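Shared between the two complexes below is subunit A, which pairs with subunit B and subunit C, respectively.
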Partner chain A sequence: MDIETLQSFEWGMMAPEFIILGVATILTLLDLFLPKRFNRKHLGWLAFAGVLAAIVSSVTLIGHDTDSILFDTFRLDSFAKAFKLLLLTGAALVLLLAVDYEPKEGMAEYRGEFFYLFLAALLGAMMMSSSGDLITLFVGLELLSISSYILAGLKKQNLKSNESAMKYVINGSISTAITLFGMSYVYGMTGTTNLKAMAGTLASLSEQQHIYILGMAFLMIFIGLSFKLASAPFHMWAPDVYEGAPTPVTAFLSVVSKTAGFIIMIRIMFSIFAAVPTGGQEAVPMLFEMQDYLAFLAGATMIVGNVVALRQRNIKRLFAYSSIAHAGYILVAFTAMSYVMFDSIWFYMLAYLFMNLGAFAIIQLLTANSGNEDISEFAGLYRRSPLLAVAMAILILSLAGIPGTAGFIGKLNIFMGALMVEPAHYVLVSIMIAATVVSYFYYFGIMTQMFFRPAAEGQGKIKLQTGITAAIAICTAATVIFGVMPQLAFDFLQTNFNQFVDFMQ
Partner chain B sequence: MNGFYLSLLVFSPLLGLLLLAFMPRENEKGIKFLGFLATLPALVLSLMAYAAYQGGKGLDEFSERVRWIQFGGFGAIDENLYTVFYELGIDGFSLLMIVLTTVLATLASIASFHVKKEWKGYFMLFLLLEIGMLGVFTAQNLILFFLFFEITLVPMFFLIGKWGYFEKEKAAYSFLIYNGLGSAVLLIVIMVLFARTGTTNIEALKILVNSDNSQLVAPISESLKLGLLIALLVAFGVKLPIFPLHSWMLRVHVEAPPSIVMLHSGILLKIGAFGLIRFGLGIFPEQFRDLSVLLAVLGVVNLLYGAFMAFIQDDFKMVLAYSSISHMGIVLIGLGALNEAGIQGAIFQVVSHGLISALLFFLVSVLYERVQTTNIANLGGLAQGMPLTAGFLLAGAMASLGLPGMSGFISEFMAFMGLFREMPVLAAVGTLGIIMTAVYLLRAVLAITYGRSDREFAGITDIRSYEWAPVLILVGLIILIGVYPAVLSQPIESIVLGIGG
Partner chain C sequence: MENAWLIPLFPLLSFLILLLFGRQLKEASAYVGILLTLASLVYSVIVLAGRLQGPTFKTEAGWLQIGDLQLTVGFEVNQLNALMLVIVSLVSFLVHTYSKGYMHGDERFPVFYGYLGLFTFAMLGLVISPNLLQTYIFWELVGLGSFLLIGFYFYKESAKQAAKKAFIMTRIGDVGLLIGMVLLFWQTGSFEYDDIFAAVEAGEVSGTMITLTAILIFIGAVGKSGQFPLHTWLPDAMEGPTPVSALIHAATMVAAGVYLVAAMFPLFEASETAMMTVAVIGAVTAIFAASIGLVQTDIKRVLAYSTVSQLGYMMLALGSAGYVAGVFHLMTHAFFKALLFLAAGSVIHAVHTQDIEKMGGLWKKLRLTGPLFLIGTLAISGVPLFSGFFSKDEILISAWTHGNTFLFWLAVIAAFFTAFYMFRLFFMVFAGEARSQMKNVHESPVTMTAPMMVLGILAIVAGYVNTPWFGTFLGDWLVEGNGHGHTEGPVWIMLVATLVSLLGILLAYLMYGRRTMERDWLSSRLPITYSILYNKYFIDEFYERSFVYGAKAVSLFLRFIEVFLVEGLLKVVVGLVQGLGRSGARVQSGQTQTYGMAAFLGLAFLMLIFAITGGYFG
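Coming up: the complex of A and B.
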């Protein structure tokens, strides 16, 4: 590739990625050369500023035409723009948590790594949302995964953190291997790694028997990616990793990493397998033929997540199972494949981002000092700090899907999508609603602790730090605003992204 | 009248809620008084609406409608497809329910003066509960209805779990799970209707679902309609409660603070009946007719089961709880009859039982405040120590068992008249329940007032000062309805005529 070809690309489309990359590089260098006594907390604010700049530049790109550069490997379509905004907002909030993270055993000497690893992981996720090629998708996935492995083990002196990192590496690599194996079949059948070209080749599939190989490939890719989503039965790693990892990392895994998982899933599945004809009497694409399997996994995920969460005493494990359940809810929207699928997944992700990150902010605030992560840490929170308790109550109600919060509107959207298609997914919707009721048990269990139980002896006022307070305030406000006036988000979607029609153009 | 009268009415408790947030936590008197004042605007507004209606004003003029959410972005195809409006409105039935709600809320806030701790949190939740209840009766579409319906759930959970008696948390959880399941089923019905028709407006649904060639997004088959109605029956059956789904309600009646039970048995249970009449009967009239025998049978079962169980209870609160189940059976009987008299009886029973049970639970609150027990054996001889309370208790019981001249009589009479016309045998079995009602109520009340007195009543005061207000108002209303039932029958005339056979 000569210099003229390079210059001919419109690099401005990648501005947000370049900003993140640049800031991550600067942070690495600064961390290396700055004197030891320099407080690395300031690096966190720099990272935060970088993410904000990236958000601004993504917003300016919203009006940009759908286009691709680098030989179709980097796409800027509505899907990329919309989900990139989610990733960036989530990462910004996670960084607010990370700046104020002060575990008991201390982590001053590798604090710098904390921030630029977040950025590296974020970069990977952003690449995935914009990628139009299996190679870049996979590189993005690996960048995200490897950074997350290190992040999970960042509390080097802590046994559980080490265990968490170890489990994550092993499970993650196996899942990556399975994904890659699945991809290799598709590559073998089409001879290209470009998603659009693949779809073109597969649309005119000559040999009917190939459909079975593609089926294998579909299931392998789906299973491999299910690890990233932490959907049942591939969720086993999640509770251990969530429990051991530092709280901001847990928040990152449960929100940003999960969003990225759905992004790559949609990219691959809808690009490749929606194009494969199945041949039978009614020529539906292979993706629709696979709905039953997806529905089964979605149902299992919701049930397992919510039922196992009932028995958890550790708050981070509890939220691990809760986030498994939420992955199940989003899988329902994915399974239904209705006209509103993108909208409902995007909106649910948005709601989930705020409610879950807000909850993790409060969890971090309460558990970081004492190091105790038992649910009883919440006892008497209403007495100690009424505002904090009310904020947590709002976030929990939203997670439980009570009306008046963003979580409820998100669920409505998913129900609507699942019921408007023909045949409607009655069973799946019923499971989802029943699972939601089960979730009341453990969500209201936290409420019971906060409002009914007396506080333990000797617990004074809670020290509020800037970053975390800002995160809690933003998340709670957003949860209520999007619950009462969801039209703000819907209008934004409808005016700017036009039903994501340019997904495959 | 201006365009947001109903919004003002529904959200008026919010003002008090905000003011309460700035009150210092220890100011007991101030908080209680403010909590009481905060229920007044809604009361005044609802009475004004009622007066305006009696003065000949059309109820349509109260309607309001604002675009709220549009799902899915189908704006290009049809502007209103999958759009949820913020729309409030009232008809005669909901007007009655709103007046009942505001009256009982004000009286319950007076009863709440007996609350012993954390008044601030209590009254804030109390007002939130009132908003939810008012919203349920004014919502003009199913999503909005569901929203307000769930808003009542959360404050109730806390009010029971924090301010209740010994097994309060268990009661709170059982309330949460039963009602959570009920509303889950309701949500399925709502979402199926919404996804398939593209609207949740109740009036629009009545037309869309029942005309043969209406333009739907996806078809609704006959069996689906029946399924949806049965689901509605389950959803509201939990709330009402209908026989096998009632156990949560006993716990709530016994464990929750009496002031909250006044609202719970007075209003919240009635949401079940309201929903069945409004949605079940309104949206699925044909299927409702198919199920009418089932409803009547369930009604008789409720009536008899409640009555027999009430007969063997030791705790007065348990007697009242089973009596509520029994009385809700009469609502079902009226609905099952599905003729003019039956429906009218059902609606009468809804209002009348709301007043009577509020009166009885207020008296329970007065009693418990003084003697710290509701066990019938321990209460014996009340007439010596607290003659006024005992007298009103007897009056309440008389109203409850259907003494002519009081509201209970009219409703029972009408409901049974309806059923005798349609299913005489079943109705004959049901009348056993009426006799049993007299038996269990007299057994309990006579044991309390005249029974052997095991205690000294020295130093125990009778009804005093502010406690007079709820008692007199409730007894007054009960007698008013009993003597001059037109106050109820006139607003619901159009509804009854619309359905009547």
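Coming up: the complex of A and C.
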């Protein structure tokens, strides 16, 4: 590749990625050379500014035509634009949590690390959303994963944090191995790593043996990637890791990392397997033929997440199971593959982002001081701080999917999508509704704590910090706004992304 | 009528004001709530007057676009909605006023009024919704308001449990409603009541589907209206403050189920099976709850079972094609049952106990509450000339003319029970001598008695809007333009109804009033029956043993799998790799292999299925 080729690429399409990369580099250098006494908290605000700049630059790119550079490895299509915005918004909110994170053990001396590792992880996720090639997809995935492993163990003096990082890295490696094994089959069948080229080659496949192998590859890739979603059967790491990791990292894992998981899942599955013919009487692509397997996993995920959550007393473990359950709900939309699938996944992710991050912000606020993560920490919150309790109530209602909140609209969309396809997924929808009802038990357990329990003795006022207060306010407001006026989000999708028709172009 | 959407917003405003400034306002919060609900009431009356003259008004705007599907929001003022608006805002206003006295001195006074505002907002929003989706949204909000208010005395463990139980039990019904609603949407392409009815009328929906969706929607109504078998939450909900019981668990929210069936009436009418289901569940609930009411000793619980039973009557009416009868009884019941609850609250306020065994002789001490309670009791017992007499008569006529002879007789027996247990309650509370030490028993303040008087008047006169003697104004108006039909029946039914209610009163008088009959002459002869009734047919125990243990068992089972099965497998594997993994295992708790194992097993399982099914498609 000579310099002219390089110059001929329209690098502006990668502006958000460059901004994040640049800020991450600057932060690394600053952290290295700034004196020890300099409060690394300020680096957090710099990172936050960087993410905001990336959001702005992504927004300016919305009107940009669908295009690709670097020999079709970097794509800028509606899918990339829409989901990148989600990643960036989530990251910005997590940073608001992170600047105010001051655990008892103290992590002042390596606090700077958090911010640039965080940006590196974010960069990986963003690359994934724009990838048109298995290699870049995989590199993005690993960038995200490896940064996350370190982030989980950032409380170096804390045994649980160490344990969490260790478990995360081991499980992550297993998942990577499975995914890669699956990918290697697909590569073997096509001789290329470019998604579009793969789809082209696979479309003319007719040998049943080959299709059989691709079916195995499908399962392996799906199971491998389900690690990132924390969905069954690769969900068991989540509670341990969520519990041990610093709260902002847990928030990151449960929202941004999960979104990234769905991004890569959709990219790979829809690019490759939607093109594979199955050779039956009717020309149904393999992706649709595998719906039963996906439905099974989605159902199992919802059931396991919600049922096991019932027994949790630790609030972070409880939210880990809750986040498993939410992955299951989104998988329902994925399984149904209706023509509103992209819209409903995007909206659900948006709603989930706000409600879950808001909840984590409040969890961090309540648990950081006392170090107690038992659910009883919420007791009497309404007496101690009514506004905080009302905010938490709204967020929980949204997580439970009660009307008037964004969570309800998200679930409604998924129901609709699952029932509008032929044949409709009645069973899956029923499981989803039943699982939702089970979730009321633990969500309302928290509500009961907040409203109907007296506060424990000796609990003083809750100290509100700037960043975290802003995060709670934004999340709560957005949860209500998108619950009452969901059309705002859907209009945005429809005017700008035209139902993601350019996904396969 | 164009601005009817403002009606729910007044209480919402009250909720928001009290949320923000409640702490500063303290007990002045009451005025905020009272004035704003008064505004709703005045506006509701204006809207009702407008609807009496004008046609139905409906307006809608786009809300949400999913793919090609357009969902709308808006409001509608038809006969049923206009009537409900007045009932809800009136009772709410009266309860707001009453609570000023009842809740006086409670340290969470502003919070109480805030919750009341939230509830009233949701309930008013529910009754003007023009489509199922909007109805569902408010339906849930109403449940939330009820949850918060039942658990208001949160320091009582029982109140906390009751709040949770109420929310979850009604949610079970809501699952049915949601599924029914979504199914209807896919059959007719719309959530709009009008569109759905048009599609049903035009025969676009198959008969089976109509029956299925109607029954699913009815399940939602069963949960909300405390019908058998989802009724157990309603008596427990009495843990909430008494004004709340009057507003939510007597007059408005629990009637929402009946309202829903009435609002969806054309759908139900299209399916004989669905109608039959509604009628049977209604009649069974009516007699079932009435029989439990016979032996309860908590004043509010007696009233709660009576509410369940009366709601059963309404369902029976609707299921017997008695649209007018059902709605009519909904209205009269709202008034006399709210009256009874407020009067009961006044009694509790005076004597600080809810146990009727400890009361007695209060007639002389509560000179206002006593007569008002008597009016309510007469009305609910169906004594001629009181409102309950006319509406209950309508229901019996509907059941008879619709050919449900067996259900008709069930309802007649339930009417006998009702008269008996209500007068048993009355005599035990007000007649005879006090059965325990009562100090400082005094009449309630005027803020409490005034609302009761308004309701007392309504409990008498509300029946005259629809009588066989002076004309059936309400009925004619309600069925105008929708042809739901109105039924006339033989005169002997009225005589039978009068007779059984007088019989019930007489028996109660003999046993508890004059005490010429031994109180336990029945219970001593039928000890098993008494025990079954006293324990409410052991329904709660049954649920406890089956569902709750069932859920726990599933949870334990999964945990068992996680801990023993997977870990057991792990132990085998660990035994093999122990030598290699000893150093690495030190950092871990020894479980992380399990996680990887689970993933592998999952993958292997799917692969196996894939291999067995051949992996070949088509």
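What we mean here is this: the second predicted complex is superposed on the first by the 504 of 505 C-alpha atoms of A that agree within 3 Å, B and C clash if a C-alpha of one lies under 4 Å from a C-alpha of the other, contacts with A are read in each partner's own complex, and residues count from 1 in each chain.
Everything that follows uses one rule, which is that a residue touches a chain if its C-beta (ideal position, glycine included) is under 8 Å from a C-beta of that chain, and two chains touch if they have at least 3 such contacts.
Since the model is a prediction, treat every value here as computed from it, not as a measurement.
Colleague: Go through the superposed model and pick first if A:Phe503 touches only subunit B, second if only subunit C, both, or neither.
Modeller: It touches nothing on subunit B or subunit C.
Colleague: Per the contact definition in the header, classify A:Tyr329: touching subunit B only (first), subunit C only (second), both, or neither.
Modeller: The answer is neither, since A:Tyr329 touches no partner chain.
Colleague: Is the number of subunit A residues in contact higher for subunit B or for subunit C?
Modeller: C
Colleague: When the two structures are overlaid on chain A, which partner does A:Tyr442 contact: first (subunit B), second (subunit C), both, or neither?
Modeller: neither
Colleague: Is A:Glu422 contacted by the first partner subunit B, the second partner subunit C, both or neither?
Modeller: A:Glu422 sits against subunit B, while subunit C stays out of touch.
Colleague: Is A:Phe252 touching the first partner subunit B, the second partner subunit C, both, or neither of them?
Modeller: neither
Colleague: For A:Phe138, using the defined touch cut-off, is the partner it touches subunit B, subunit C, both, or neither? Pick first, second, both or neither.
Modeller: In the superposition, A:Phe138 contacts neither subunit B nor subunit C.
Colleague: Looking at the overlay, does A:Glu289 come into contact with subunit B only (first), subunit C only (second), both, or neither?
Modeller: Touch partner of A:Glu289: subunit C, not subunit B.
Colleague: May I ask you to decide whether A:Phe273 touches subunit B, subunit C, both, or neither, giving the answer as first, second, both or neither?
Modeller: Neither subunit B nor subunit C is touched by A:Phe273.
Colleague: Considering each complex separately, which residues of subunit A are in contact with subunit B in the first and with subunit C in the second?
Modeller: The overlap between the subunit B and subunit C interfaces on subunit A comprises residues 339-340, 343, 397, 402-404, 408-409, 413, 415-417, 419-420, 424, 429-430, 433-434, 437, 440-441, 444, 448, 451-452, 486-487, 490, 494, 499.
Colleague: Hey, which residues of subunit A end up touching subunit C in the complex?
Modeller: 162-163, 166-167, 170-171, 174-175, 178, 208, 211-212, 215-216, 219-220, 223, 226-227, 232-234, 236-237, 240, 278-282, 284, 286, 289, 293, 296-297, 304, 307-308, 310-311, 338-340, 343-344, 386, 390, 397, 402-404, 408-409, 413, 415-417, 419-420, 424, 429-430, 433-434, 437-438, 440-441, 444, 448, 451-454, 486-487, 490-491, 494, 499
Colleague: Residues of subunit C touching subunit A in their complex?
Modeller: 19, 62-67, 69, 136-141, 144, 147-148, 151, 154-155, 159-160, 163-164, 167-168, 171-172, 175, 178-179, 182, 185-186, 551, 554-555, 558-559, 562, 587-589, 591-592, 594-596, 598-603, 606-607, 609-610, 615-618
Colleague: Can you list the residues on subunit A that touch subunit B in the complex?
Modeller: 339-340, 343, 382, 397, 402-404, 408-409, 412-413, 415-422, 424, 426, 429-430, 433-434, 436-437, 440-441, 444, 447-448, 451-452, 486-487, 490, 493-494, 499
Colleague: Could you please specify the touching residues of subunit B with respect to subunit A in the complex?
Modeller: 67-73, 75, 82, 121, 143, 146-147, 150-151, 153-154, 157-158, 161-162, 169, 173, 176-177, 180-181, 184-185, 187-188, 191-192, 194-196, 217-218
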